[in-house]
Amino acid sequence: MECFLLAAACFGVGILTLLFPHSLQRYAHWLANGAALIGSGITAYKAWTLLAGASVVPLAWGSYSWVCDSWSAVFLLLTGIAGVITSLYALGYAQSYEGSRMRLLGGMWNLFLLSMILVLLAGDAFSFLLFWEIMAVASFMLVNHESEKRSTWTAAYQYLVMTSVGTAAIMIAFLLTGSASSNFSFAAMADNKLDILWQHVVFACAFSGFALKAGLVPLHVWLPNAHPAAPSHVSALMSGVMLKIAFYGFGRFMFSFLPVWNYWWCVIVMVVGAVSAFLGVLYAQMENDIKRILAYSSVENMGVIFAAFGCGMLLKVLAGGSWYYLGFVAALVHAFNHSIMKVLMFMSAGSIMHGTGSKNIELFGGLAKKMPYTALFTFVGSMALAAIPLTNGFTGEWLVLQSFITLISANSAQITRLWAALCFVLLGFTGALALGCFVRLFGISFLGRARSELVEHAHESDKFMLAAMGLSSALVLICGIYPLPVVQAVCAALKLDNEFAVQGFSLAWAGSGSLSVFNPLLLLLLVAVISAAVYLFTNNIFVEQNVTWNCGTYPTERQQYSATGFSKPVRRAFDYLLKPKRQVSYMRKDHAYFGRQLSYKLEIPDMITEKLYQPVQKHFVGISTFLRRMQQGSVRLYVSYVMATMVLVLVWGALYK
Amino acid sequence: MLQYILILLCLPPVCAILALTGRFANNLLHWLHRLTATAVGICVALLAAKFDAAVPYVDDYFYVDALSLWVLIIITTLYVAASWTAKSYLTREERCGVLKGEQLQTGRYFALMQFFCWTMFIVLLVKNLGLMWVAIEATTLISALLISFKFTRAALEATWKYIMVCTVGICLALLGTLVLYYAQIAALGTNNALSWVFLHQHAEALDPALTKLALLFLVIGYGTKAGMAPMHTWLPDAYAEAPSLTSGMLSGALCSCAIYVLLRNLVILLPTAGSAMMSSMLLFFAVLTVAVAVPFVVVQRDVKRILAYSSMENIGIMVAGIGAFSALSIKAVMLHMYSHAMIKFVLFYIAGTIIQEYQTRNMMRIHGMIKDVPHTATFWLTGMLGILGLPPMGLFFSKFYIMSALFKEGHWLAGSLLIVLLAGVLIGILYHGMRMLCGEAHRQPLGDLLGTVDVPVLALLLIFTCLVGAGFENLPWLNNLLNHAVHVIGG
Amino acid sequence: MEYLVVSLMFIVFLQTRFMELRRATLCLAVQSALIAAACLVVGLSHGGGLHGWLPGILTIAVKVLFIPYAILRTVQGLRDEREIVSDINVNYSTAVAACSLALGYMVIDGLLPQAEGRDILATSMFMIMTGLTLIVMRSRAIMQMIGLITMENGIYLLGLIMTEGLPLIIELGIFLDVLIAVVILVILTSRLRLSFRTTDTNVLDKLKG
Amino acid sequence: MMYFISDVQGLALCLLQAVILLAAAPLITGIVKKVKALLQNRIGSSIFQEYYDIKKWWGKPTMVTPYTSALFRLAPCVYFVTTLAAACMLPNFFGGRAGFGDVFVFVYILALGRFFMAVSSMDAATAFGGMGGSREVYVAAFVEPVIMLAVLSNVLHTGSTSLSGMSLRFDEVNLTVAGVLTCIAFFLVLLAENSRIPVDNPDTHLELTMIHECMTLEYSGRLLALIHWASQLKLLVFLLLFSMLYLPLDLPVVLKVLLSAVAVGVVETLNNKMRLFKVRVYLAAAGLMLLLAVVAQ
C-alpha cells in the first residue's frame, strides 16, 4: 500500500497546483501533469507486481478502508498505463489552455486520476461511493472546462445528471446488500444474507447503475455528448479508463456480492451488451464529429465487453466446470486492450483538433501529408478498433468469439443457443461495421485531397503528444503481436492456474472440443515472409504520376466522396433503425440551362434520446409545472394545509395500532 | 460554565440595544457587531473546550449537553460568519442592491440580527420545554421583522404568510407541550414542571396515550417551523424575500433550532409512545417534503427560491434520519445539520451577491458567470455541488450515512424513494446552476463584487464542512461529542 | 364554571358571524374576558397566591384591554373596511364551527375518555378549530388576527383546565409572545395598508411556486 | 522451441500449398468464365486467358495520381499478402500443420486486406474510389455476420474451430437438414464475398453496378495485376473452403472445387445483378437459413 500512498501523494501535489497564482500557471501545468505521470507510473508498476504475485496490506483509517485484490489490480494496471500515456500527452496538449483555467485543468486532472485509483482500491461501500462520486465530480469539471460553449455545458449537465441517477441505483444496490450483511466492508458484504427476491433487485440496480456509467444502450446518451465536449486527453481517460471502472464495479458485484446467478441475469447482460455493441457502431458510422465517432465506438466496445461477460456468466451457470472463465478472460482482455487503443484514438483526435481546429471530418482530407506521424498512429489505432489481426483489438475479438462458440456448442438448450446465436450475429455485424467506420474515419480525414482550408493550415503536434501517441501505438502493436502477458495477467486476476492453456507463443483454447489456436507471432512471420517475396516483385515497379482522367476536366476536391456519402449505403440499409431526417430545399434557379441549386440537410437523431429521454423530460417538466399549482400564494390555502394535515394526522393517530 | 452561558446571553441584547439607540455611526456599528459576535464565538469556543461531553451542565434554568453544544456551535459559526460578512454585504446592498437609493437602517438591522441569534441561543440553553417553546415563538417573531425588513410589497406578503402559518403551527406545538405537561402531572405530579432533565429521567412513567397525542401535535407544530411539507408553504417566500444574510441564518440556524427542539421532545416521548409510530410518521413527512421540493426546483426562476426548496430537500433528509432513529442516523443528522447550515449560508450569501451583481433575481437572465464573475462563480458552483450532496462537501457523508441507516433499519422503501427523489432535485438545481454559470452573458454584471473579507470567511465555511464531513467518525474530539449527542437522544 | 363555558361557546359562535371589524374586535374582547374569568376561577380555586391571580390579571391586561385596543386603533385608520363575504360564507363558517364542536367532543371522547371537564376540553378544541376556520375563511388581515387569537385562547383554556395552569415563568413567556405577536401583526397590518391600500390578504398572492 | 521448429516446418509446407493455389487460381477463374461463355452460346476466351492478362499487366508501368500517399501503393500488396496468408491457413494437402490460428483468424486476416483496399480507395481523391469503398464496406457489413453464422453452424457440426479440425471431422456422407441449409447459405455468401453476380458484377465498369471494381479503378500495371491475382486466389480459397467444409458430397476435393466453380458459372448466367439495397435481403435470407441450421443442430 505504501506504493499507492506514494502515488496518491504525487496526485496530491498535482491537485495542490490549483492554488498556484495565476502568473505561475505554466509551472502549475508542468508540475501537475508531471505529478500525474509519475503517480500513474507508480500505480502501473505496483499493479504489475501485484499481478505477478505480490500482495498488499490492507489499509484502514476510521470509516475508510483500502484493499487490493487481483480483480482490482488488473484495472489498476490499466489505469496506470493509460494515466502515464495521457499525462504525457497532456504535457503537450494542455499547453493550449494557457490563460483559460489551465490550473483548474491540471488540478482536476490529478483529482480525476486519484479518484479512479481510489475507487479501485476501496474496500467498503462507503469509500467506493465516495470516490466514485469524486470521480464523477472531477470528470464533470473536466468535461465542463470550456464552459462558454453551450454544447459543452449542456453535455456536462447531462453527464452529471445521468451519472447521479446511476449512482443512485448503485447506492441502492450497495445499501441493500450492506443492510443484509454485518457491515459495509466488501469482505462482510461478500457473505450477505440477501434472499432471492432481493438479489433480483440488487442485480437490477447494480446492472443499471454500472451500465449507465459504462454507456450501454439505452443508458448511453450522455456519452456521445460528454466525450466531444471534454478536452481530448480527458475524453481519452474517460473513455479509456472510467468506463472500465464501471465494468470493475459490476464485476465486483457479480463475483463478490451475488455469487449465485440467475439464468435471466446472464441473458440480460449478454443481450444488452450485444445490442449496445451493434447500435453503438451503427451510430458511430453515421457521425461526422470525430470525437462522437470515437464515443459511439466506446459504446460499442463496452457492449462487446459486457456481452462477453454475460457469455461467461451463462457459461458458468449452464456449463459449470472450468470453461466459463473464457468469457471473463475475453471481457477483461478486451477491456484492457480497448483502453489502450481508445486512448490512442482520442489522442489522435486531439492532435487533429489541435492541428486543424475542427472536429468535423467533412472538412478534412489529405491530412496525412500535413501530419504524417499522427496519420501513422491514427492508422494503427483505426486498425485496432476495427479488430484487425496483429493489433491488440483482435486478441479480445478472438477470445470473445471463442467464448460465444464455446457457449453455443456446450449447450443443447435451443433457447440459450438462440440467444447466443443472435448475440453472435450482432457481434458479427459489429465487427464488420467497425471496420467500415474506421475505414471512413481514417480515409476521409487523412487521405485524398483537402476539403477545406483548415487542412492547409494544419500542423503536426508537438513532441509530447507524438511521444504519447507513439507509445500507445507501440503498445497496441506489441500487445497485438505478443498478447500473452496481457492474457496471463488477466488469468492471474481471475485466479486461474492452467485453465487457459498457453502453448509456446500462442493462445490456445480447448473448451469447445478440439484445440483452437491463435498464434500472432507465427502469423506475423508468415506475413513477413510473403511480404518479403512481394516486395521483391514490386519494389522496382515503374511509377508514373499523373492526374486521374476526368472526362477532359481536372478533378476537383469536391468530387471526392464525403463522409456522409460514404456511410449512405449503411444508412439506407438500416434506415428503419436510424430514421434519418432529410431535408432538401430547392433554391432559386440561377441559370436556365443548369440544374437548380439544392440545399440538403441530414440529421440522424439518437433514437433512444428521441423516443425515450425527450418524452420523459417533457413530461417531467410538464408534471412539475402542474404540481406547482399547489403553492398558489393564498395564505388561507396555506393555513388550510396545516389544518388538514393536523386533522388527518389526528385521525391517523387515533386509528394507529 | 455558568459565566460563559451568562456572557453568551448578555452580549447580544446589549449590543442590540446599543445599536437601536441610533447614536452610532455605521462604521462603528459594524465593528460593534463584529466584536460582539467574535466575543460570543470565543465564549462558545471556550465553553466547548472546557466542556466534558459526558457530563452535561445542569442548573435551575440552563442545561447544556453535547447535543445543545453541537447546535450551539453551528449557530455561533453562522452568527460570526454573518457578522463578519455583514459590512460588505450591506454596503453593496445600499449601493446596488434592492435597497438602492434608500437609507438603510443598519442599526435596526443589527439589533434584529442580534436579537434573533439571542433567541436561538435561549432555545438551545434552556432546560424547560415550555421555555423552549416560548423562545422558538420568539425566534419566529423576531425573524418576521427581519424578513419584512425592507417593507417592500413582496417582503410584507412573505412576512404575513410566515407569521400566519408558523404561528398556527407553533400553537399546535404549544398544544403538544400542554398535553405533555398534562401527562407529566398525571404521572409525576407538578414538581419540576416540563423540566427536560426530570422528564428524561422519568420518561417511562408517562401515559402512552397522552404521549402519542403529544407526539402528533409536536411533530406537526415544530415540523411547521422546520419546514416539513405540507406545512412548508411559508418557507420559500420567507427565505426568498428576506435579506440574503438573513436567509442564510433562517435556513441554516433557525431550521436547525426547530429540529433540535423536535429532537428534545422526541426523547421524552419515544420511550412510551414507541418509535414505530414516530418512524412511520416522520418518514412519510420526509419523503413528502423531498417530493414536494422536486417540481419546484425543476421549474423555477428565482435564484433564492430554488435555494429555499433545496433547504426543504435537506430538511426532508434530516427528518428521515430522525425517523430511522438509530445511533448512526442521529449522528449523521447532526453532521447533516452542520454541513447544510454552512453550505446553505454560503449559497444564500452568494445568491444575494449575484442579485446585486446582475440586478435581477431571475435565473433565466443570468449567464456566463464563470467568465464574468469568476470568484462568485467558484463559490456558487462549489456550493451547488455541495448542496446536491456531492463530495468532497460534507453533505455527501451525512447523506450516505442517513441512507444506510434507513436501509439498515429496514426502511428500504423510504430510502430508495429518497435516493431517487434526490436525483430529481439534482436535475433541477444543477440545470439552473449550470445555466447561470456557463455560456455567454446577455447582460453584463456590475463586476465581481465579493469583498476581501467575505472570500476567506465563505471559503473557511466550505472547508470546515469538507473537514468535518471527511473526519466524521475519525476525528476523536468530534466523534466523542457526536457520540454523546447521540447518547443523549438514545437512538 | 359551566355558565362560563356555555357563554364562551356562544360568543365563539357569534365570532363567526361578525363581519364588521369593530364588532368582531369587541366580540374578541368579550371572549378574552370570559377566558380571564375562567382563569381567575381556576386560579383562586386552587389556593390563590401569585400564581393564582397573576395569569388572570395578565389576561385582562393583555387580551381584554391591550389587544382589542391596538386592533381598534388600527381599525380606526381603516376607512370603510369590512369583511365583504356572502351570507353563504358566514353560514359556512358557523356550520364548520358547529362541526368542530362535534369533532371536539369526538376527539376528547376518543383520546381522553376519562378526562374531567369534558365540556371545557371540547370547548377549547372547538375554539382552536374555529380559530383555524376563521383564518382560512376570512381574508381581512384583522379577521385573521382575530382567528389566531381565538385559537390561542382555546389552547390557553385547554392548558388551564387540563393542567391547572402552566408554571408561572412559562405563562409569562407566553403572554410576552402573544403581546409581541400582536404588536408585530398590527405593524404589519398598517404597513399592508400603506403598501397595498387595503388589508385584504387576497392581494397577497404574488409569491407563487 | 519445440513448438517453434514444428511451426516453421508447418509454415514451409503451408507456403508451398499457397504457392500452388496461387498458380492455380487464374485457371479456376478462367474455367468459370468459360462455363459462362458456353452457357451463353459463346465460345469465349481460353481458360488460360487470366494468366495472359496478369502477364500483360505485370509488364506495364503504373500510373498514380499525385494526391496519393504511400498507402495507395501499399494496399494491393497487403491485399495480396493477406489473401496468400489465408491460403496458407487452409487445411493442408501435405499434412503440414502450422498453428497460425483458426477459422476466425482466417476471416479476420481477409478483413485486414479489405481494410487496406477500402482505405486506399479514398486515396486517389476521385468519386469512383470512395463509392467503391463505401459499397464494399456496406456489403461486408452484411457478409461478415453471415460468414460468422456459417462458421458457427460448421463448428456445431464438427466441434472444432480450427480449419484442419473442421475439415477432418466434416461428415460428407450423412445428409442433414442443417447441413444442406448451411451448404446453400455458404454458397450464397461465397458469391457475395467474391463479388460475383448477383451481388456484384466483376466484368463491367459501369458505375451503377460495380463494387469491387470501383476500388481498383485507379490502379494499373503491376499493382492491378496483384489485385486481380489476389481476387482470383480468394475465389479459389473460398471454393476450397466450400468444398472441404460445407459441400456434403463424398468426392475428391479437386473435383468438388471444379464442380463448385461450374456452379458459380451457372448461377452467374442464370441471374441478374440485383440492386445494391437488395443485397441485404439476399444475405438476410442466407443468415436466416443459417440461424435455422444452428438451432436445428
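Letters A, B, C and D name the chains as they come in the text, with residue numbers starting at 1 for each one.
The working rule: contacts are C-beta pairs under 8 Å (C-beta built on N, C-alpha and C of every residue); 3 or more make two chains touch, one makes a residue touch a chain.
Please read all numbers here as calculations on a predicted model, not as lab measurements.
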| item | value |
| --- | --- |
| Where chain C and chain D overlap in contact partners, by chain label | A |
| Chain closest to the middle, measuring from C-alpha centroids that were averaged per chain | A |
| Pair of chains ranked first by number of touching C-beta pairs | A-D |
| Whole-Å separation of chain centres (CA-atom averages), chain A against chain B | 43 |
| Distance between the centres, which are taken as Cα means, of chain C and chain B, whole angstrom | 31 |
| Distance between the centres, which are taken as Cα means, of chain C and chain A, whole angstrom | 68 |
| Rounded Å distance, chain A centre to chain D centre (Cα mean) | 34 |
| Where chain C touches two or more other chains, by residue | 111, 132, 135, 144, 201, 204-207, 209 |
| Residues within chain A bordering two or more other chains | 628, 631, 635, 639, 642-643, 650 |
| Which pairs of chains touch, using the document's own definition | A-B, A-C, A-D, B-C |
| Chain B residues within the chain C interface of the complex | 128, 130-131, 133-135, 137-138, 141, 144-145, 148, 151-154, 156-161, 163-164, 167-168, 171, 174-175, 178-179, 181-182, 185, 193-194, 209-210, 213, 236-237, 240-241, 296, 299-300, 305 |
| Residue ranges of chain C touching chain B (in the complex, touch as defined) | 111-112, 128, 132, 135, 141, 144, 148, 151-152, 155, 158-159, 162-164, 166-167, 169-170, 173-174, 176-177, 180-181, 184-185, 188, 191-192, 195-196, 201, 204-207, 209 |
| Residue ranges of chain A touching chain D (in the complex, touch as defined) | 365-366, 368-369, 375, 379, 383, 386-390, 394, 397-398, 401-402, 405, 408-409, 414, 417-418, 421-422, 424-429, 431-433, 435-436, 438-440, 442-444, 446-449, 503-506, 508, 512-520, 522-523, 525-527, 529-531, 534-535, 537-538, 541-548, 550, 555, 557, 559-561, 565-570, 572-573 |
| For the chain D and chain A complex, residues of the former touching the latter | 3-4, 7, 11, 14-15, 18, 61-69, 71, 73, 77, 80-82, 84-85, 88, 98-102, 104-105, 108-109, 111-112, 114-115, 118-127, 129-131, 133-135, 137-138, 140-149, 152, 155-156, 159-162, 165, 169, 218, 221-223, 226, 276-277, 280, 287, 291, 294-295 |
| Of all residues in chain A, those that touch chain C in their complex | 628, 631-636, 639-640, 642-643, 650, 654 |
